[in-house]
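Two complexes come next, and they have one chain in common, subunit A, joined by subunit B in the first and subunit C in the second.
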Partner chain A sequence: MNLMADILINVIIAFLAGSLLLGLHRKVMARVQLRPGPPIVQYLLHSLKFFFKEVSFPKTASMPFYIGITVILAGIWVTGVIVGPVAKGSLMILFGIYAIFKIVEHNSGSSSGSPYGKLSCVRAVFSAAGELPLFAVIGLVFLKTGSMNIADVIAYQSAHGPLIMSIPLAAIMLFALILTKSPYSPFAITKGKDIVSGFETEHYGVLRGYIMFSESIAFYILLWLFLTLFFGPISVVGYVIGMILITIITGVINAITPMLNPNHSVMSQITIAIVCIAGTVLMLVA
Partner chain B sequence: MEELYYMIYILVFIIGLIAGLLLSYKKHMEPYIMSEIDIPSLILAIVGWFFLLNHGLIRFASPVICLAIAFLFIGYVIGRRPGYGRRETAIGIAIAAIVWISTSGVLF
Partner chain C sequence: MVIESLGGDLFGTIPLGDIVLYLNPLHLFLFVTILLFTVLIAVSRTETQIEALFGSLEENEVKVGKKEFKQRRFLAIICGIATAGAMITGDLFNFTLFMALIGIVNIGIVSAVKQVSVLDSAYQYGLIAMMCGLPLFGGAAIILAATGTLSLFELQTLPLNAMVVFGALMMLVGVAGESGIAPFYASKAEMFRTPGSPFILIIHLSSLFIIVRFVEILLILIPVI
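Right after this comes the complex of A and B.
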């Protein structure tokens, strides 16, 4: 298939599937909390709705930056689709995308001039340590397979079995990252309800549409990465079942846990990372 | 080429979800209460789940068309407003699973 068509189709799949999974996540949380919850398709309908809403700009906004940051946000996650499901390329590029995402989160919060956005901006810097597990996972996968290329990791697993059996603690670390990035997570300090919607608070209309589009793709990519890195070459049915199961598990966890304060959130993530890194290195050495 | 089919399946599933949601809000003005099974929804659920799990048995249409119809119908039934469509979906899954087990050679 033509490369451009391949990219376009994969981006549409990532957006639609990611939106449905985020809708399912809200539904699961609601059912755990004994509420009916919104329909699964609601997140997608909200995203599409924002593309047709009137855009307004805060007087305090740093103007070109305020608009540009949402386009960059959408751009980096489209790049994530290209590097991940389309090309099965380097894990380091995906790590780079997560690093840029932190910068975008930071700047999106500061560009609006809103106090809520600024608090989220500060927390984005503070929670950059939360990306430590992803970097550690990439390093541990490299130590085990000898490659940082996703295609090579898949080939390694088809020959030696899924990595979840040989480095399970690394899988736990990546799962902790999925939990961090999922909505209403105990670690999601940048979008805590104590600061309204964090860095998204002052983005309206099509700009919010871009942000929601990006969030859907980001969630899909993270789940795809987890299943690909630790469960090897699996069929599309395996991906669907795996993504639904992880979404349900994170939904249940997020429904029954309060949001941690920023210090505890970061320290918890770092503690999980250190324990899992030490355990995995011991397993690899032994 | 397979990605194109996956995109089509997701799209028809979403169309089914939205159609189910809109039509069920028109049909049922009240929140869900235990009531009689909705026969049209039951038929759609049985056909949808049958096509999804047993599309290999169907000779007169390609698997892509069968799966697209399956996702449309399944989406329509499970996309209805909260509560509605649950029992119909459960019956559809049960019938489709019984047919799949009895024809796939799992038991024998």
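Right after this comes the complex of A and C.
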């Protein structure tokens, strides 16, 4: 297939699937909390709606940085689709994309001049330690398979079986990251309702549309990465079932768990990472 | 080849004597992104922070003055260029120099702010960064003494060496302190409360990108596979 067509189709799939999964996530949370909840397509409709709404800019915003940061956010997740599902390239680049996502989270908060955004920005700095699990997972997958390229990792699993069987603790770490990035997570301190919507508070109209578009793709890529790294070459049906299952599990966990305070959130993530890294290294040595 | 298994297939190399510059998808992505952010920072003005005053309906506007703005923008651009250099260098010593320069300009970006809490934080970060300069350069020196080269292209072909592992771990301590990541991030967090959103971005961005690049370097120096 033509490369550009391949990229375009994958970006559309990532956006649609990610939006529907986030809608499902919200529905599951609502049902667990004995509420009817919004329809599953609500998140998708919400995202599309923002692209047609009027844009307004805060008088205090840092321009053109305030606008550029949301465009960059959308751009990096399109790059994520290219590196992941399209090219099956280097995991290091995906790690770099998550690093930039953290930066964007940080700076879309601070660029508006809003105190809520600023608090989200400071929390984003603290929670940078929460990216430790992803870094550790990538390192452990490299130790096991000898490559950082996703295509090589898939080939390794074809020959030796899924990595979930040999390094299960690394899978738990990546699942912890999925939980962190899912909406209303106990670790989602940058978007806590105590600071309204955190870094998203002051972005309206098409700028919010870019943010929601990016969040859908980010959630899809994270689930795709988890299934690809730990369950090897699986079919489209396998991906669909896997993504729905993980979304339901995270929805149930988030529905029954209160948000942790920033210090507890960061320390919990680091503790999970350290325990899983030590366990996996011991398993690899043994 | 280790380098190709980490960042993807090589686009090409530029051999400059002992120093071999090389470019792969990972470096290209990091290099282009940091330059994009640097340009965005160079053309942006700062935000105005609005703070509610306790006990009244008044509010306080915190702005960045023109002189301070120019100083911080200059340092932020230097930081962006240094980080871009660190992303594509193929020489370990150049990497340590870029890292040290990033640490210095990061302190400079916040030192221009006239807020006591921010200056305290910059001072604490400065102390950590200065102390970590020793293991950073010391680690590179040990690797040079043990192998006779600082070219990553050469180092990837050498077998596992205890002194190289020791040097790499010293460099890890140095990079962690200079970039202010965990466990040193607490010394840096207060700096982010200051106004000047575009300049603060480069502090965080340079730290995270340096870590991504150093992970690659670490895996080249310690061929555990």
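Please note the rule applied: the second predicted complex is superposed on the first by the 286 of 286 C-alpha atoms of A that agree within 3 Å, B and C clash if a C-alpha of one lies under 4 Å from a C-alpha of the other, contacts with A are read in each partner's own complex, and residues count from 1 in each chain.
Note that in this section a contact is a pair of C-beta atoms (placed from the backbone, for glycine too) under 8 Å apart; a residue touches a chain by one contact, two chains touch by 3 or more.
Everything quoted here is computed from the prediction, not taken from an experiment.
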item: Partner chain(s) touched by A:L143 [first = subunit B, second = subunit C, both, neither]; value: second
item: Touching partner for A:D6 - first (subunit B), second (subunit C), both, neither; value: first
item: Touching partner for A:S111 - first (subunit B), second (subunit C), both, neither; value: second
item: Touched partner set for A:V236, first subunit B, second subunit C, both or neither; value: first
item: Which of subunit B and subunit C A:L20 touches, first, second, both or neither; value: first
item: Partner chain(s) touched by A:V41 [first = subunit B, second = subunit C, both, neither]; value: first
item: Which partner reaches more residues of subunit A (counting touched residues only), subunit B or subunit C; value: C
item: Partner chain(s) touched by A:I164 [first = subunit B, second = subunit C, both, neither]; value: neither
item: Touching partner for A:G89 - first (subunit B), second (subunit C), both, neither; value: second
item: Subunit A-facing residues of subunit B, complex; value: 1-4, 6-7, 10-11, 13-14, 17-18, 21, 31-32, 78-79, 81-83
item: Subunit C residues within the subunit A interface of the complex; value: 5-8, 25-26, 29-30, 33, 36-37, 40-41, 43-52, 61, 181-182, 185, 188-189, 192-193, 197-198, 200-201, 204-205, 208-209, 211-212, 215-216, 219, 224-225
item: Contacting residues of subunit A [partner subunit C, same complex]; value: 59-66, 68-69, 72, 76, 79, 83, 89-90, 92-93, 95-96, 99-100, 102-103, 106-107, 110-115, 118, 121-122, 125-126, 128-129, 132, 135, 139, 142-143, 146-149, 152, 270
item: Subunit B-touching residues of subunit A, taken from the complex the two chains share; value: 1, 6, 9-10, 12-13, 16-17, 20, 36-37, 39-41, 44-45, 236
